[in-house]
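Several structures are given next for inspection.
Next come two complexes built around chain A: one with chain B, the other with chain C.
Coming up: the complex of A and B.
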């Protein structure tokens, strides 16, 4: 008699099935495949598959002009590396340059024009139609009652001359530049000596560099060039003295670190000048060149090391030793080049450092600061343009900001203090919703790095002129607007004349000018060889060489020492008073390119965060004594407050920090997906007080434990 | 009674085993045909005498070209060389309009794994057959099976599905890479493959 199936039988069968399942691949394979599936989420950009090829270009993240070799799959770059033996970059790319191709896919990337509706904290960012936008912007320019300013933070490019031409046709229009901080000493020297000849550092032949906070070994200038020079220091005998208030990476690697009090770098330079003169270390030929030597000799007596050592924090004996070394190790270079997060020095400090070079006889000699020629077809950008600092406060009604980002911090306060308080209009041409664009009314996104052609004239530190062209590696996004096209559209709306030439035609004109000059060498990336420009058959051939990856480097020119110059005798001790000893001082710092959100790949900032290779934005370092006084411990959350605002920070305790200082990392940021919220939150730069002279190196602050 | 209980329990186990080992793979993997058939044997045999590296080129600078582009096929097949259906498809649908053939690639590694052919073939002295078996002398292309969850080829995990290798070349997962490297005394970190 057949047995009926009972509930117990079903349970037994199910039990057997469950047990049996574990003897099959089902659970294990599902687990495995699900794990693999999580690696393929939609946020991960898919890679193309196709033929592998190599393309050459030039990095445009900063004006260093580093040559790039891009390994591409199906035409898309997936790995960047340097080009061996390149005369400027020496085969090296900095970490952010290595990840430059990621920036096309940056979460803050904008690919259509946007407008902020409203100017308060409830402002709303919306995509807008470009045609309508250009009409609106033109209307603002026509109705402007203040001035229209176009701010270019990387002057000297082809687009810079187009800006200049455009703005000249607008009533009350001004083309304004913001001098690259890396060129500050050179530009100050040009001003002092009243010359328009471009200057450069001849690091290759120098014996000693006296650096005032210049991050020479941490991404400054063309990093490959400096790495090569210091790698070969046994052969070339170069020495580095770093005068800096913090133990930066350059200070750590320098032969001597002079831990000067912050804000007293200029006072220390004056102390050195005093020693050079009082101990008769200045060569007679230099003394004869100084118009006002007797007056300067009397003036500088007040800066004797014994009188300044308390303020500078540097013992008189140490200062004397440095001065002696400077004279013994000629040719030398004294340079300033501010910290990318900490901002520039004030004009007075810049001038003192520049004058130190004059006293040492460093200007116009091989191994010192040398004269160089302009790139054929270009004019030295610094000679004639208005500097941002010269614009009267609260005078700008319409401001157009070019997309170039020098990689240095640029607090919004610097811009805000020049704007008319109400009814101002700011137009950013940035391809990213970065710190500056987040304050604009209109954002007209240009093409990003490696999506468009760009001319590069690395002028910052090189001893000779050079020229490269960056050719696209990634396809250009459909709705992005090239800066040249934006200017043409606005010109059309305003009815003012504009050049009809395409950017490529303008580039070809420059290449043709180089060809006609018959000067210099052409280095080709594919074979790593250099040949004379005269060996190229025609301007078209030279253009073709550039399209395949090339850099033109000028020949050095004969150097002539300066005939006559005067030194400033108007400095005073009072100018170096930075505050009471008992108050805490906030000093921001950063690493080039990581202090803005739009220059660093989000993948790289994750590496920073996990490895702690660099302190993250929102981290402050303090001395153990300061920490003990404030009852703070490592990794505590603390409350940082200045007259500008307040924010929560993470505490890092570091013996290398001076007691009383709060060293705050300006970047890198997390670069998360929620861009608007992140950009609207307070950053260290927002807490820094921008002085009238455009500096924000020192701000009084308080720090207390946050009980969260 | 006790015997009957064991039979029911055992039936449950057998049921799962059949589902897990027979039907589960059928559900998990989707079968896809290649766009056209290709006979490696004809090309690499005496008739044409082509070597693996003639089509799967490793450049002098170390770049591996993988599956050849249609331009490579067109070097010989610019017009129909025979009357077969596959030859007709090749010439009419791909060579003449200059379109790449969308081959399904059996051994395509995930994007997060970097594999250098030149390192393995030149420095490691591995023969193509050690990883790709007899594929180079096959007369027709197998059905391509793709994992519905992970999206990867079945060949990556292991064609046999048990995960147990019958031959050294079976399976191209990380464990297989590690095993092969260990056998050859190679000690590499994560970054060697996951750059």
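Coming up: the complex of A and C.
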């Protein structure tokens, strides 16, 4: 008898089927397939196909001149590395250089000219047509009632001489340079000793480096050179003493860290000078070279370590030990160098540090500060041009700023104090809209790193002259403008003569001058070998060698110690009074190349946004004691206020920070924060007080918990 | 079968913490070599992907006695009872018997993240978003390394793309073994202080094998018995002592990260 199918049977069948399904692979397979489908949709980018090749070039992100080997797919670079045995960079690239090929395609790259309409809160940024931009800029230059200034922060290049020629043809035109902070001690020494001969640091043969805040191991000079010297310091016997108010990366690697009070570095240098003189540690031949030794001896008595230790925060015994080490470890080098975000020292401190070198007999000596020659065909840039500091305040009506970057911060206040208060026009040749460019009226999208040819006269910190050419690795972006073409266009609009030579022709002239000099060695990147310039058959052959990747390095020259010099006797204790002990002090700091006009690759987020290896802009570090007093905790949002303004900051608590100091990171910005966002908000540099002497190292501040 | 696989290697590293100056070159080179995408707007330390994460570790002394070392932390390539292998339900993690390298197979990964929970070194990362590069940067991706997709875990694999390239080159030259200079991970190549030494721990004559026996060389969390193949070196006792401490993001811990 057939069984009747009841409602219960149907439910049991359905329920059993559902349960049974889970015992089969079906749901798991569906789940897996769904996962795989979501993982393989078109948002995962396809890879490039094409021949793999190696190309060589030279990094131009800063003046260091590091040689680059680029692995390319279908002609496009995908991985950069250093060139082994390169005489300057020693096979090393800094993190910024490793990712430099991305900059052409940075999401914030400007590819059309932009103009700011209005200068108030309602200002508006708009893209404009290049031809119209040229006409407007020319009109401003013709109409100018003040002066027209062209600011070059990396003087000495071919484009620098083109700027110089261009500006000479304009009434009230001035070509102005801003000395790279790395050169400060060297330039000060040139000034004191009244010489135009370029100087360099002979780090390779020194025994002791007394560094006043110089970030020697954090991107300073040519990083590969310094890193090689320090990783081999056990073998070569070099000692490093870092005099710095914060425990920087260089301070951590130094043999001795002297945690001087901020703003008292010069006072500590005078203390060392006092010990050297009063304890008769200075050799007689040096004493005989000092024109005003007796006067200096009396003057320096006021800087005895017992009298300065309270202000410097360095015990007298420690200062004596350092002075003794300096005399025992000759040749030595005393160098100053500003933190890329923290800015330069004032001129007085620079001079004191430079004079310490004279007192130690470091100048004109192998292993000390040595004389070198200019690159054939080039002139020492610092010798003949107006320095930015010499421009009278409120005198500049039209300012053109070159795109080259020294990697060091440049607060807008420094620019603004030179501009006439109304109707000024600022033109920035910049591939990105940040730092100074963000304040400009016109932003001309210049070509970036690896899109154009450029000559490189590397960091003046090197002990001999050198020359390289950077050749493009990336295709030039449409609508971007080479700086030389911008100058030619403006010259045409103004009806003034301009060179018709192409940049390559000008480069070849320089190479020809090097060939004719018959000096130095040519290092070729592909085989890592060096040969004498005299072994090259012709200037054309030398040019071909450069196009394949090469660096020219000059021969060292004989050194001569200084015959006579005078030391300054006008310093006073009062100059080192930097503020009330009970105040909080804001000290900005930064990482070379992340605080300036240049952008960094988005991939650099790995070191500051996706890790805590570096702090990003708006992060301030304070000591746990300071935090406790202010009732602040790690990752709190706090309110930072100075006489210049206020902003919200993120708190980081760090034992290594001096109690009472607020160490503020100037850059870099988080990915997704572009210049337009930045313009809407205050940055750390906006809060720093730029002193009359051009420094912004120390600003009194308050910090309190923000309730957001 | 590739003849180079006949020899059983155990690739490992020695990192000299006294040399590392925390420049970040290894981290950046690693990301470029392995097509790790840059951070997006909201990405932070907890959601980012850094195969090579460099921690900033303090001795917990007050200023000015404070001292800091930078500790590069990445997959420690555990040899025994490899925790991520043990817990993976998809067999998406495996230890290559020929090289000892712990490999991650994204195509098998279901994104359950058990491996992340199991990893004692916090060295595994999850793709919370689709990888994003600007249009031009997509053309600059390493053609030897496939970008990973949203929803899978990834980690350091000692630049396996470079190992395969070295193997292919050796095979093309008719060699049984790769030339050690042909296989150098990106972090090792880029380190300006030459703080990272890479090589075959199974080769008694290699620098890495010799250095691993140094009295000042140690491994993190060795008490777990997973036999990591990444060794660290420091002459500072407080640095060696921290090796058995747990890396944590707690505010009160002396280890930041």
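By our rule, the second predicted complex is superposed on the first by the 649 of 708 C-alpha atoms of A that agree within 3 Å, B and C clash if a C-alpha of one lies under 4 Å from a C-alpha of the other, contacts with A are read in each partner's own complex, and residues count from 1 in each chain.
Just so we're on the same page, contacts are C-beta pairs under 8 Å (C-beta built on N, C-alpha and C of every residue); 3 or more make two chains touch, one makes a residue touch a chain.
Source: prediction; values computed, not measured.
**Student:** Return first, second, both or neither, reflecting whether A:51 touches chain B, chain C, both chains, or no partner chain.
**Tutor:** Only chain B; A:51 stays clear of chain C.
**Student:** Can A:128 be said to touch chain B (first), chain C (second), both, or neither?
**Tutor:** neither
**Student:** With the two complexes superposed on chain A, say which partner A:142 touches: chain B (first), chain C (second), both, or neither.
**Tutor:** In the superposed model, A:142 contacts neither chain B nor chain C.
**Student:** Is A:36 in contact with chain B, with chain C, with both, or with neither (first, second, both, neither)?
**Tutor:** It touches chain B and chain C both.
**Student:** After lining up the shared chain so the two structures overlap, which partner does A:77 touch, if you call chain B first and chain C second: first, second, both or neither?
**Tutor:** second
**Student:** Counting only touches as set out at the top, which of chain B and chain C does A:575 meet: first, second, both, neither?
**Tutor:** A:575 contacts neither chain B nor chain C.
**Student:** Is A:21 contacted by the first partner chain B, the second partner chain C, both or neither?
**Tutor:** first
**Student:** Name the chain, either chain B or chain C, that contacts more residues of chain A.
**Tutor:** C
**Student:** Once the complexes are superposed, what residues of chain A are shared between the chain B interface and the chain C interface?
**Tutor:** 32, 36, 39-40, 44, 46-47, 49, 52, 79
**Student:** So in the complex, the part of chain A that touches chain C is made up of which residues?
**Tutor:** Residues 31-32, 35-36, 38-41, 43-49, 52, 73-74, 76-81, 92-95, 98-99, 101-102, 104-107, 217-219, 223-224, 227, 230-231, 247, 249, 252-253, 257, 259, 474, 601-607, 609-614, 623-625, 633-635, 653-659, 670-672 of chain A touch chain C in their complex.
**Student:** Within their complex, state which residues of chain A touch chain B.
**Tutor:** Per the stated touch rule, the residues are 3, 9, 12-21, 23-26, 28-30, 32-34, 36-37, 39-40, 44, 46-47, 49-54, 79.
**Student:** Of all residues in chain C, which touch chain A in the complex?
**Tutor:** 19, 21-25, 27-33, 36, 38-45, 48-50, 53-56, 58, 60-64, 66-68, 70, 106-107, 110-111, 130-143, 146-152, 186, 189-190, 192-194, 251, 256-257
**Student:** Which residues, counting only chain B, touch chain A once they are in their complex?
**Tutor:** 4-5, 8-17, 19-21, 24-25, 28, 61, 63-66, 69, 100, 108, 110-112, 147, 149-152, 157, 161-163, 195
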